[in-house]
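Letters A, B, C and D mark the chains as written, and numbering starts fresh at 1 in each.
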Amino acid sequence: MSASPVLSFWAPLMVVIAFLIVAAITYTYRSRGRSSFKEDTEQTKVFLSGEDEPEAGMRHVRAHNMYWGFFEAMKRYYDPVVRAHTGIANDYLIWMFGLAGLVGVLLFAPGLF
Amino acid sequence: MSTIITNAPFIAVAALACVGIYIMLSQRNLIKIVMGITIFEAAVNLFLVSLGYRNDGIAPIFTNATGIHMVLPVPQAMTLTSIVIGVATTAMMLTLIVLIYRHTGETDAKKSRRVKG
Amino acid sequence: MEALITHSPILAIAVPLLAAFLTPLMGRLGPRVRDTFVVLVLAVVQILVIIVAREVYANGIQVYVLGAAGPSLAIPETHMVPVRIILEVDGLGAFLGIMGATVALAGAIYSISCMKLETGQDRFYTLMLLLAASMIGIQYTGDLFNLFVFLEILSISGAALAAFRTRFVDAVEGGFKYVIVSTIAALLVLISIGMFYGQYNLLNIAAIADAMQYTAIDKIALALLVVALLTKSGAVPSHWWVPDTYTPAAGGTSPIIYAASLTCLGALFRVVFSLYGLKLSLSVVGWVVIVAGLLSMFIGVTMALRQTDVKRLMTYHAISQEGYMLLGVGVGLAVLGNPQAVAAYGREAIAGGIFHVINNAFFKGLLLLTGEALFFQLGTRDLNKMGGLGRNMKWTCAFFIIGALAISGVPPFNGFASKLMIYESSFHLNPMLTIIALVVSIMTLASFTKVFQAAFTGPEQPQFAAVSSVPLSMKVGMGILAAATVLFSLFPQFVVDTIVYPATDALLNQTGYINAVMGGA
Amino acid sequence: MMSKVVRSVARLATPAVLTFGLYVIMHGHVTSGGGFQGGAVFASAAALLLVAFGSERVKEHMKIPALTGIAVSGAVIFIGLGFAGLATTFFYNLFVGSPVFGHVPPFGPAHEDIWTAGVIPLMNIGVALNVVAGLTAIMVVMAIASENKRDGE
């Protein structure tokens, strides 16, 4: 029962300590910030120019807006993959039997790899 | 000819399995899918029972009988267990189909589907 | 005490099984009695699996023969082969037993509050205990047919739990898909059992492994077993049922069903390593497992990115993380025939895969529970409707952050430790594997950032102003898994040396597994 | 509800079916059969009654909670007998040699001695209770479900 060669150089406690030190530094730095900032005043408004703030529902970036560019760029990958997830019970079974056939063929064709 | 007769159960197994798999893969009706599964299950059960068959064998309810061919009891026990489990799963599937029908008014796998992607 | 240790393997299965049938009787005494009873039983099971594990790690493989004149009387005097049902617990079984029992305990405690308003709770807890019993049974059994029976118990109880809230149409549909897929998987397992019995007249895994010839029929049986168990564990390309089933699973059961599918992954390892071992065409099966792992990782994570249902997103990650385990173990399997490669990186790869199994059961279970907590409080799983919930659901938010960082492999969490082991070792086989694994890890972080941003940050939404923190039992349930995650994160070296490497060595030592039952040197 | 002929025949046949089911259950350890087979025969009487008299009348006499109780007690008997053998091993046949089903049969063709096989006949009874109640409950529930649907349409 030997020690893992990979994990022997991995010390999570060190990372935790480093995180705490950085957090302490950050907190001290933050507390030295401008003392003129007051909560619940004009300063916290979203628009400095005094425009009306939109409602809470409008200010939040919704989940479906995220990574839009990624999906658009990967359209050629996503279209067939999403279409394959039909949700029809028969298709699940077709994939399963197909996979069984494929693995069976691979086992009987040694030398392929 | 005799090989055909001794292998007849296994031919039946293959035929039943093909029928079952074909129904499962091609029929969109949920109840027909369950029927296909049941036929496939019957094929598996027949396969197990035929494994234990011995020529001129008798029922294995003897204690240490010598000189008498007995069919193997273990595949029979396995088949019975599998039948019991089959009853439970079939009941489960049919119950869920009843519920799906109540929710959607459909027994078609495609039309009753509500989640995908 | 001695007797308890001897009988602990069967007790770990039989106690939840008996308790499952006593639960309806307890339910007549009142819900509090029943809930306490269920939690107590699962706590006892937890203690039992730890006793088994201690014994296994101290004294090697534990064999328990049911119905024999003595618990270790594997082969009767009048026979040459084992005829009774034999439980055989090796390092892997003990390891996955601990995983299953912990997740079941957390899920049961979580469910107390979460399911309080549902009807038919007696049946709910009965099914939950059956699921726990079958999960431990699959790991502990040394008998193929027994494995099939436990697989079927797992399928039926899992499907019933997935479909438990029958007022939701997606729950019923998820349960139906799960039951048909797992019935077919179990039937494929049964066919292969028949093939083994027809050839060797044996059902015991160790005895079949001893007699294994790797004939053409054994190859067919291997293909059926691999596909059935890959399907049950939810690997691409037959992962389709996973999101449909886990997403609507009621209360605290989604992590338990997930742990159950990880158990099926353990059964796959058992079949490949202990039943076939060096006799199978290693590179073919190894690369089948690796490719299945890569596909699971990539398709799982890319599909997860585009989901807007919070639990469905997490279930796609379940598939994706399963890919890491398959990758690690597949790398080890591909080089199993080469002792130098095994010593250099193969053992490390398998250990990484197995370590990832237990890590995932904890942090993925935690994430699924937070998803269910959001559903419990908001009545919706739609991320598009959420926002600003970090204000009112602080505990859930904290648990979510722990789980999300751990699953994305951010140091110092345990996900990083196990992924590091997989990266380091798979790099030796083929650098491409590591690159794909790293990219997937980044995309995992991206998609959990999306959940965090959409659900917990942002301005407070007026419709959720009245949302309160989750009840105590749900916090405790999530807390157990979070505590396990944090503990495993802080002391990965200890965990790997005490439980992961024994499990790995148990897989690699096929002769040991055979000799424990068959005797001999 | 079916016609009077059907109902009369069902009334006559039910005792015979039940007796045969009981026979199969109790002789499970010496002849073919056992708890599940006998239980299925026994429960088929419930199917007969359901067909002949309709679910309206049958469900008055077969309440689901009672059936659940019977099924649960059957399972508890089965696993309890397993626990009873725990002094030696789980599922150990502890009644061999005792007055309860304890005869040890001589070697050779079975002697149809019903007092053999130790715990196995008792386990058969447990299984039979479970199967009878379970199958009956399944049939009653399905019958009620189909009746409800008919009202709804």
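What we mean here is this: a residue touches a chain if its C-beta (ideal position, glycine included) is under 8 Å from a C-beta of that chain, and two chains touch if they have at least 3 such contacts.
Note that the structure is predicted; figures quoted are calculated from it, not measured.
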Comparison of B-D and A-C by number of C-beta pairs in contact, larger one: A-C
Euclidean distance of C-alpha centroids - chain A vs chain C, Å: 23
Mean-CA-position distance for chain C and chain B (Å): 28
Whole-Å gap between the CA centroids of chain A and chain D: 55
Residues within chain D bordering two or more other chains: none
Of all residues in chain A, the ones touching two or more other chains: 82, 85, 87, 89, 93
Interface hub residues of chain C, defined as touching at least two other chains: 176, 180, 184, 244, 303, 306
Pairwise chain contacts under the document criterion: A-B, A-C, B-C, B-D, C-D
Sites on chain A touched by chain C in the complex: 1-8, 10, 12-13, 15-16, 19, 55-57, 59-64, 66-67, 70-71, 74, 77-78, 81-82, 85, 87, 89, 91-93, 95-96, 99-100, 103-104, 106-108, 110, 112-113
Interface residues, chain D side, partner chain B - complex: 30-32, 34, 36-37, 105-110, 131, 135, 138, 141-142, 145-146, 149
Parts of chain A lying in touch with chain B, wherever the complex brings them together: 82, 85-90, 93-94, 97
Interface residues, chain B side, partner chain D - complex: 59, 61-65, 80, 83-84, 87, 91, 94-95, 98, 101-102
Contact footprint of chain C on chain B as seen in their complex: 24, 30, 33-34, 37, 40-41, 44, 47-48, 51, 72, 74-75, 78, 81-82, 85, 88-89, 92-93, 96-97, 99-100, 103-104, 112-115, 117
